[in-house]
Amino acid sequence: MTLATPAKVQRSQLAERLDIIVPPLFAGILAVLGSVVWLYSDIDSVTSSILTAESLQRQIVDTVILGFASSFLVIIIAIPLGIAVTRKGWPRLKTFLVDSLGLAQALPAYGLIVIFYSFFGAGINTVILALATFSLLPVLRNTVVGLEQVDQSVIEAGRGMGYTRIQVLLSIELPLAVPVIIAGIRTAIVINIGMAALAFIIGGGGLGETINAGLAMNRSPAILIGAVMVAILALAFDSLGAIAQRYLKPKGM
Amino acid sequence: MEFLSSWWLFASTRGSQIETALVEHTLYVTTVVGAATVFALLLAITTRSNQIAKELSLSISAVFLTIPSLALFTIFIPLVGLGFAPSFLALFLYSLLPILRNTITGLDGIDQSVLESAKGMGLTPRQVLFRVEIPLAWPVIVAGIRVSSMLVIGIAAIATLVAGGGLGDFIKLGLSRLPLPGSLEAIWTGTLLCVLLAFLIDLSLQLLRRATISKGIR
Amino acid sequence: MSETLIRLENVSKAYPGTESPAVGNLTLDVQEGEVLVLVGPSGCGKSTTLRLINRLIEPTGGRIYLKGEDVTEIDPSILRRKIGYVIQQVGLFPHRTIAENIATVPKLLGWDKVKTSARVDEMLELVSMDPAIYRDRYPKELSGGQAQRVGVARALAADPDVLLMDEPFGAIDPITRDRLQNEFLRLQQDLKKTIVFVTHDIDEAIKMGNRIAILREGSEIAQIDTPEAILSDPADEFVENFLGSGAILKGLTLKKVRDIELHDIPALQMPVMRDEALKALESSPEKTAVLLDKDHKPLRWISEASLNRTTQPIEKSGKPITIDLQPEDTLQDALGVMLQSSVGMAVVVDRGGKYLGCCSIESLASMIISGSGGS
């Protein structure tokens, strides 16, 4: 799943199928890698103290909560905002948003998290806020582009038949923009779970802790297993998103 | 206001550190994007006739973008150690998708009649590729390079966590010394310089566009 | 004695998985200096056949000869640099200037810059485009007609002996197309290239071709001959249907006024007296005479009735002659003029405007019915 550009609405059948198959396949490969490392490498006491079941479980839960909480925040802001911005009367704001994403992607998430920490202190809420801020623009852009992609002639036909603007929005534009909006949600979740790995920096928990502990103690197995687990987590949710995209498409698209 | 003055103080006394970090960061961007462009071009050209290979390479590149950045940076450490190597690898894999996707789209989008007349006039397949196809796909490819460059700038800040240097060093420094004086300034320095770098690289890419894209297709 | 420049010998092209071949066992000779038009219904294989000549499509059987040399297996890129290729969508390189586009093959062949540049200008002038204006423009700045002119210029730049044209004027509006066709015919009169021209339009084929090959499915030749021969003597029902019911009228474009016998009606030269006129009219079967002025140029149609109806002087009676025909005009033009005149006839004059005779609808009709002209 891409951070950079919104998912194209029209994708070939092959691309769609690969979209659903390849991420889980990768996750599988990584899981195998992780198990191999777990079974065959030298697990000394330090490593096993890092890789305890409780801490890993807790971290997984933390990561998921962080990822979803921030995604939720982003979605309830970005989608209404995206709708608002694409209404008539805001064309310049719209162009500004679509163009500015370019530079905004260069903003380091790492820096953002630390800056938020400096203002708001440690804790989950700070992380959630930071992640939401970071992923807001991509999701907003996705929504805007998705709404724009709706065929103008369909909208015109709707207005011509007597739909009010709100009816056009609800019965035509939103349903047709659903694929791209779902893509945006998927993007948000994947970005946020990914970035949640950095939460440990400001004491926010998450699988990054294991990785960091491994780095600090110079224990490769810990590093690897931590990395593999957070990767699998992200890929798992990406696949769920792919499936949602495929099956929540309006019929006939 | 006060902050600005203390920041200025901070920045002006760390000239060489800032320079080093900037250079390292820029080095990441240029080497990674350069390598990714070459690789993407090769990959796009070799898979262009095979639909499955094409889509597969796109899907796999997309997977790299899905994997959390910290994971990608650290997963290669057992293989290549700390520092530049794992950072470069991770960033390389990250920057692939935008460039690859745009290269494929760019090459696919060329008017078939131009290719037919080129072939019909007697250009060899290689001549067609280098004199017609790549120049015509170049604008789209450059757009992909731009996206990748921005991505790399943002994510390269994490390199500091694996001892890879770059502007992330300032952020890490600041974090470790909070709430001591100078720490906030360090954090903002690291963060804002990324944005500045992004601006400069974007500008260079625009100049590159102007210099390398024929007037006939702008 | 013109030699065979291109020879397709038992050439075939079959695509795997299809039942019948796109081109089945075709033998075709193209004579030096002729325009051979390949024409047929959609899907008959005419474009495929054309592209077998420059091997954009490789044959699955048979040999191809260019100037006696077997080119079936030489490096296709080298072959194509000796053959000009013009396609419907033109395919100019959008990222290169017009000059650079035209210079493409000369550069591939290693011409030096001076020679190439001069040639570019020469080609632009050949297609009636001012080099000073168009050299440094880009394709996106050209209209459809201009783009195709550049396409032709580009194809001729390296002075190939052979030119392949695949529906070159198909994407252009009818008025411009007519103009381009005429210009191209004039060009061919000077250059005398060997041209294989593909079109689906039988009218274009008749207009442009020295010989026409009417193709059936599988690129099978139904008839290959001059346009006149095909029009007057279609080989079978397929050809007849393809020519369409307008074939006879199409044939009229190929014959000239000088091919018909001119009618002998009385011609009275001024000054002439009424009585003389009436006497001449009596002896004429049509009861119509032509009044000529002192320079022997036709003035009016005179009939017995018109003379008797008026007391006006002879120069004012009858109907004025406002249009005429020359021996070089086609019978199609003649028909148009005759239909406009009120007497079912048209006067034929020479270059100087002097009266030669009359052309009547009857003689035209008998020519159509008999199927051959007065030649």
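Read from first to last, the chains carry the letters A, B and C; within each, the first residue is number 1.
By definition in this document, a residue touches a chain if its C-beta (ideal position, glycine included) is under 8 Å from a C-beta of that chain, and two chains touch if they have at least 3 such contacts.
As the structure is a prediction and not an experimental result, all values here were calculated from the model.
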Heading the list of chain pairs by contact pairs is A-B
From chain B, the most remote chain by mean C-alpha position = C
Most central chain by CA mean?
-> B
Determine the centre-to-centre distance between chain A and chain C, using the mean Cα coordinates as centres, and give it in whole Å.
-> 66
If you average the CA atoms of chain A and of chain B, how many Å lie between those two points?
-> 20
Inter-chain centre distance, chain B versus chain C - centres from mean C-alpha coordinates, in Å = 59
Please name which positions on chain C make contact with chain B in the complex.
-> 54, 56, 77-83, 85, 87-97, 104-105, 108, 138-140, 151, 154-155, 164
Partner chain C, residues of chain B touching it in the complex = 111, 113-124, 127, 132, 135-136, 213-217
Contact footprint of chain A on chain B as seen in their complex | 51-52, 55-56, 58-60, 62-63, 65-72, 74-75, 77-78, 97-98, 101, 146-151, 153-158, 160-162, 167-168, 171, 174-175, 178, 183-184, 187-188, 190-191, 194-195, 197-199, 202
Listed in rising order, the residues of chain A that touch chain B in the complex are 1-5, 12, 14-15, 18-19, 22-23, 26, 102-103, 105-112, 114-115, 117-118, 190, 193-198, 201-202, 208, 211-212, 214-215, 220, 223-224, 226-228, 230-231, 234-235, 238
